[in-house]
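We just call them A, B, C, D and E in the order they show up, numbering each chain from 1.
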Amino acid sequence: MFQILEIGPQGPAQVSQGDDRVGPPPEGVVRWIDLEAQDAAQLAVLAERFQFHPLTLEDCSHFDQRPKVETYADYLFLVIHGFRLPSPDGDGIDSLELHLFLGERFLVTVHAEPIPGVEMVWKRLEGEGALLHRGPDFVAYLVADAVVDAYFPLLDDIASQVDEIEDRVLDEHSQVELAEIFRFKRLLVELRKVLSPQRDVFALLAKRGEGWVGERTALYFRDVYDHVLRLHESVEATRDLLGNALDAYLWSASQRTNEIMKRLTLLSAVFLPLTFITGFFGQNFDHLPFGDDRLLVAMVATCIALPAAMVYFFVRSKWF
Amino acid sequence: MFQILEIGPQGPAQVSQGDDRVGPPPEGVVRWIDLEAQDAAQLAVLAERFQFHPLTLEDCSHFDQRPKVETYADYLFLVIHGFRLPSPDGDGIDSLELHLFLGERFLVTVHAEPIPGVEMVWKRLEGEGALLHRGPDFVAYLVADAVVDAYFPLLDDIASQVDEIEDRVLDEHSQVELAEIFRFKRLLVELRKVLSPQRDVFALLAKRGEGWVGERTALYFRDVYDHVLRLHESVEATRDLLGNALDAYLWSASQRTNEIMKRLTLLSAVFLPLTFITGFFGQNFDHLPFGDDRLLVAMVATCIALPAAMVYFFVRSKWF
Amino acid sequence: MFQILEIGPQGPAQVSQGDDRVGPPPEGVVRWIDLEAQDAAQLAVLAERFQFHPLTLEDCSHFDQRPKVETYADYLFLVIHGFRLPSPDGDGIDSLELHLFLGERFLVTVHAEPIPGVEMVWKRLEGEGALLHRGPDFVAYLVADAVVDAYFPLLDDIASQVDEIEDRVLDEHSQVELAEIFRFKRLLVELRKVLSPQRDVFALLAKRGEGWVGERTALYFRDVYDHVLRLHESVEATRDLLGNALDAYLWSASQRTNEIMKRLTLLSAVFLPLTFITGFFGQNFDHLPFGDDRLLVAMVATCIALPAAMVYFFVRSKWF
Amino acid sequence: MFQILEIGPQGPAQVSQGDDRVGPPPEGVVRWIDLEAQDAAQLAVLAERFQFHPLTLEDCSHFDQRPKVETYADYLFLVIHGFRLPSPDGDGIDSLELHLFLGERFLVTVHAEPIPGVEMVWKRLEGEGALLHRGPDFVAYLVADAVVDAYFPLLDDIASQVDEIEDRVLDEHSQVELAEIFRFKRLLVELRKVLSPQRDVFALLAKRGEGWVGERTALYFRDVYDHVLRLHESVEATRDLLGNALDAYLWSASQRTNEIMKRLTLLSAVFLPLTFITGFFGQNFDHLPFGDDRLLVAMVATCIALPAAMVYFFVRSKWF
Amino acid sequence: MFQILEIGPQGPAQVSQGDDRVGPPPEGVVRWIDLEAQDAAQLAVLAERFQFHPLTLEDCSHFDQRPKVETYADYLFLVIHGFRLPSPDGDGIDSLELHLFLGERFLVTVHAEPIPGVEMVWKRLEGEGALLHRGPDFVAYLVADAVVDAYFPLLDDIASQVDEIEDRVLDEHSQVELAEIFRFKRLLVELRKVLSPQRDVFALLAKRGEGWVGERTALYFRDVYDHVLRLHESVEATRDLLGNALDAYLWSASQRTNEIMKRLTLLSAVFLPLTFITGFFGQNFDHLPFGDDRLLVAMVATCIALPAAMVYFFVRSKWF
């Protein structure tokens, strides 16, 4: 569904729906057209009114593009990725593609599903329509900034969960599932896949004078670029910490083996000598002084004292 | 066998076979010559009619080239790689080389075996001959696009199989063969070997004005370039996931060791004390009150109660 | 709180407080304005008097920037990171952000907390006011140099602790906690995160003629750049050594398993044969010559000699 | 020993020996001077007649150079590496250095030992002397091509041996020596050390107009460059596969541990209960009904049935 | 202490000491000033006479610089690193800093301790004074070459020791200390830290026309650059081999575990059945035919034959 927000030279910002005003605005008017849940018919309207390149419109119908920026004669075509929060039991984030056509006096945004960042900026502009006077490139900056900044709470959340996993692995050695560590590894692989090309996109936009991005707005895109860089570094640092957690996990398996081995060795050390003693006195020799009661007492005493002494010795020498 | 598809200034597209029309077409005509299962005689015809460089024709006879693009005075020489689907029990993909000579008014494609992407575009152009009017560079784009896009289902298939392997490793610990994981590692090594140089090829073609690729077609090659980038990122991400699967597999070996050790320790813990008890009462002392039936009952009770208590204790304290 | 240090064409350096003199100084005057624990009102004063870009002032209020350098028409905006020493039981370093605005005749430094390097330079300039005549870019160099040089004792301390950890792991095999190794890994990840972008910052400033940094001062910034490079190389080398320590730690776990296994095997080797011997003579055969005393003596001798011989053999053949 | 092959403007190619004709040839003559097993006196002759730079002649006397290309005023100095096949029981390849001086009308090749590629080209030119008319740069191409192409069978051989090692590791788990894997790792390290700088050499020569390499010949060097790239990629891919083999080898050690543990546990599981039973009936109680024959039969039956049942259970539940 | 070596337009080279002649030489004179064990007073003399930049002199007093090259108006400032041989029981190499000031007619070298390469060149120039006529840049080349070439025997020595360690790990499995491997790893980390920046230094000097390095001498510095590259590649290759040694070492730990396990299993396999047999005949049943001598003989025969058969079977089936 098309939604249009526009402002003329003087008047306040106007909101409208439907495809009447879809098209390049007249001189002095700045127009933002938002198209959600696009279908073939609506894309055909865009193609006809704006003369967008067939390839870019094909991209808009498939929505399987990596973040990129492409310069055409009359407009800049931008693909950036937001994300839908992973459901608690899900195993991944869904990225939400946002396609932007940025021309001299217009911005067209196309997305298949509602994206929180876009909605937020739309509401803000409905209130502060005058911001539209700063040009469609500034609106594009506001949208990109809102979409990128939404990654920060997600990454902070992941970082603190990874931190907590590392602590748990080191403290208790048994309550962490390997699948849990791999789930985060997968999440970070996906985030990196989304953020890496985005870095190039904003580095390009931050260079002054690229396409329809004015010099003044380029300064703002440099800010977005810095944010993406910071996100990227956070992803890398979190991967490093997750690597620690995995190392610790694998190590705790050896540790457990050692614990079990120690118990088995302790058991054997206590009972093998006892079995020998009882076996010794179970032999059938005529002249063994088996009738002597003091020997019996000594045997029983040994059977009690020997294991006790061994356990005491093991504990004291920190053998176990 | 030579197959020729050509279109004149007005007329519809014409299809012919044999080497009569092999050669640069006259002004106003666009010609696509497809040569499958080339032999020395046919390459000699190409050499004579088109004056192709001896090195490029030598490449065509060997078919062991890496993807590359080479600019000559009169034409652009392109090598790209498709692939033959791995047979279910095979251990690798076979890459299918496709050599393209792209001139001002002609495109010559040479390949040893049928390549699905080439056949698809050929059939499409037989129907929509007018597309030939967009120039041989556009035809080259159509072929390259069809060849590259064929990788997507292959990679999606590999990615989902790797996913499923990781799940199986984590869930059951025993039904996965190491050879299976290595088979995919090998596949991904081969795919990367094919895709990496292809990246450079299309990056070059996407730059406007290179050789006989027009500015308008360069935009389309940029699209192919983006696809190759996406394929490349998928290969890397799948390698990462496969690395997880391998880590989990190696870890599951330690895990199995621990399981077996636990059973052995449990067995020893249950039977060593019992052996001691029976050994104790097997001793030959005169004054041991062996004649007392209550002792007999106590002994039998101990032989039943002690293991039961130990197992209960182990289970309850989650020792095992 | 604003603190101002300034020097006129002739007079000695003057120190003042409060916001009276906040603003670009008149011709011939060099002014350093230091703002600690900034609040919104003070930033508003800066915005009004200096016309700083809204984005840079927003950065100053958030203090979550990575090191960077941004050129504006009238000034250079610089973010560099110092650090607060980790508390002994803490698990990380806190970086202290320092924001610098460097203009033709002024330097404005903004920081949330006291930074030792800044205080040191301030005290030095109070004494040697004439240094201000070398320009605000030279003052910026002094501050950057003091902040960067503070990393050296920290890194030397970390390197020697890592060295000592490696020695302890190799010598005693048991007194090191895995958590200790991971604490240093985390520290180094954080340090690298802070130092990497700083490298780019000073590389840029070391190029002559960038923004308001004079050619003569650029030579000095090249020195700071070399220091950052050296710090970076130290971080990498320390990571390598920490990797060694981790390898050794993981290896010592296998080593411990082997030690325990050896003891278990020794125990079994000593007692299993003895148990067989006593079992042999515990059998109930009529015609076994159990009444012969020499056999009894032989049996007892064997029970003493056999284990002794085995232990002797094991020790001598370095089996254990 | 000097060997000279030269062709005048018309005449056929002439072969001569000795140092009479060593020196720059007259106008219209193309001369190839091959010097094998050079000594100081012969190098002095070269220095005097050609005025080669002292550093390049020093290189020729030491033969410990990495592949490189150096441009001098009158000639191009080239170092490339061939190799001597590793002996079956050897542990490395010996690289054979080939030094080339390429001038306007001459090519001087210096090598300490016979290099098959050089001999092959020499024989070919003796037959087809007219090829010399294409210039000394083309002769240099022929030599470089022959030397580089000799690597292909070597690498194919290594790749198939590594393949076979991986298969053996996965199938039998015991017939591969770790030393065998490391021998190939070492071979690949050496090959990479030789091929990496060669890449840069031919990349430089493939650029048109470098030194005395004509534009037409540069096309041919691009071909050599592509071959070196392909060799390099093969080395990397083979390293990856060797990494797999090593992983599998290390994993098979854990696997063997598990196998042995299983057998030990099986043994214990079968005999510990039996020992308990016989111990039970070996006790000395008066009122135990030891005189009952049915009990005897039951005991013997249990001693047979119990182990059988356990083994059956273990096998059926895939415990073992 | 200052040592001066200089040559006038005609006369032979003159050697002098003390600071009389410290300073830029007159036209036509080439002067090399060597300052060993510099102190503040001597550096002040250099500062006064040569007007060296304060930062470079500060570097000379601290001696904690990484290799670098800095261009000033009147001279080139160079830092390169030699090394002191590690003492046999030491755990590292000490790098020896050498600072060079290279002007139009002078070379000043400053170092804290005697450096063999510098002494060697000094002695050579005392003998062949005419070499000074080739300019101070050529003298700087001679010094740099001597300092760099001293690394070759060190690296060859390390490489052969690492080789020998790998062989020992593979052959005997027990005589290598992990600390030994780590000592070499540390050595290589340090060497790489010293050689990496040196690479950049000589790459810069090898470019013609940089600072006071003439075109002719640049050719010689390219030679030094090639040597540093070769050293660097050797360090990397040696690290690879050391990685093999470490892998083999870690693997040998698993191997030892397996050996011990096998022995334990063999012991258990031999004695557990025997214990069962003796236990069986130790039972107290009335009607067991314990009086039969043939049974006794059979029992003893079994006790001998069974273990023998098992060991034979194990050895034959390569179980052990």
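Convention: contacts are C-beta pairs under 8 Å (C-beta built on N, C-alpha and C of every residue); 3 or more make two chains touch, one makes a residue touch a chain.
This one's a predicted model, so the numbers in the text were calculated from it and none came from an experiment.
Asker: What is the set of chains touching both chain D and chain E?
Answerer: none
Asker: How many angstrom lie between the centres of chain B and chain D, each centre taken as the mean Cα position?
Answerer: So the centroids are 26 Å from each other.
Asker: Using the average of all C-alpha atoms in each chain as its centre, how far is it in Å between chain B and chain E?
Answerer: 41
Asker: For chain E, jot down the residues that touch at least 2 other chains.
Answerer: Answer for chain E, listing residues that touch two or more other chains: 254, 257, 261, 264, 268, 272, 275, 279, 282-284, 288.
Asker: Can the chain contact pattern be summarised as a line, a ring, a star, a complete graph, or none of these (other)?
Answerer: Contact pattern: a closed ring, each chain touching exactly two others.
Asker: Going by the defined touches, start at chain A, step to chain B, and keep going round the ring. Which chains appear, in sequence?
Answerer: Cyclic order starting at chain A, direction chain B: A, B, D, E, C.
Asker: Show which residues of chain B lie in contact with chain D when the two form their complex.
Answerer: Chain B reaches chain D through residues 53, 55, 65-66, 68, 70, 72, 178-179, 182, 185-186, 189-190, 193, 196-197, 246, 249-250, 253-254, 256-257, 260-261, 263-264, 267-268, 271-272, 274-275, 278-279, 281-284, 288, 290-291, 293, 295-296, 299, 303.
Asker: Given the complex with chain D, which residues does chain E contribute to the contact?
Answerer: Listed in rising order, the residues are 166, 170, 219-220, 222-223, 226, 229-230, 233, 237, 240-241, 244, 247-248, 251, 254-255, 257-258, 261-262, 264-265, 268-269, 272-273, 275-276, 279-280, 282-288.
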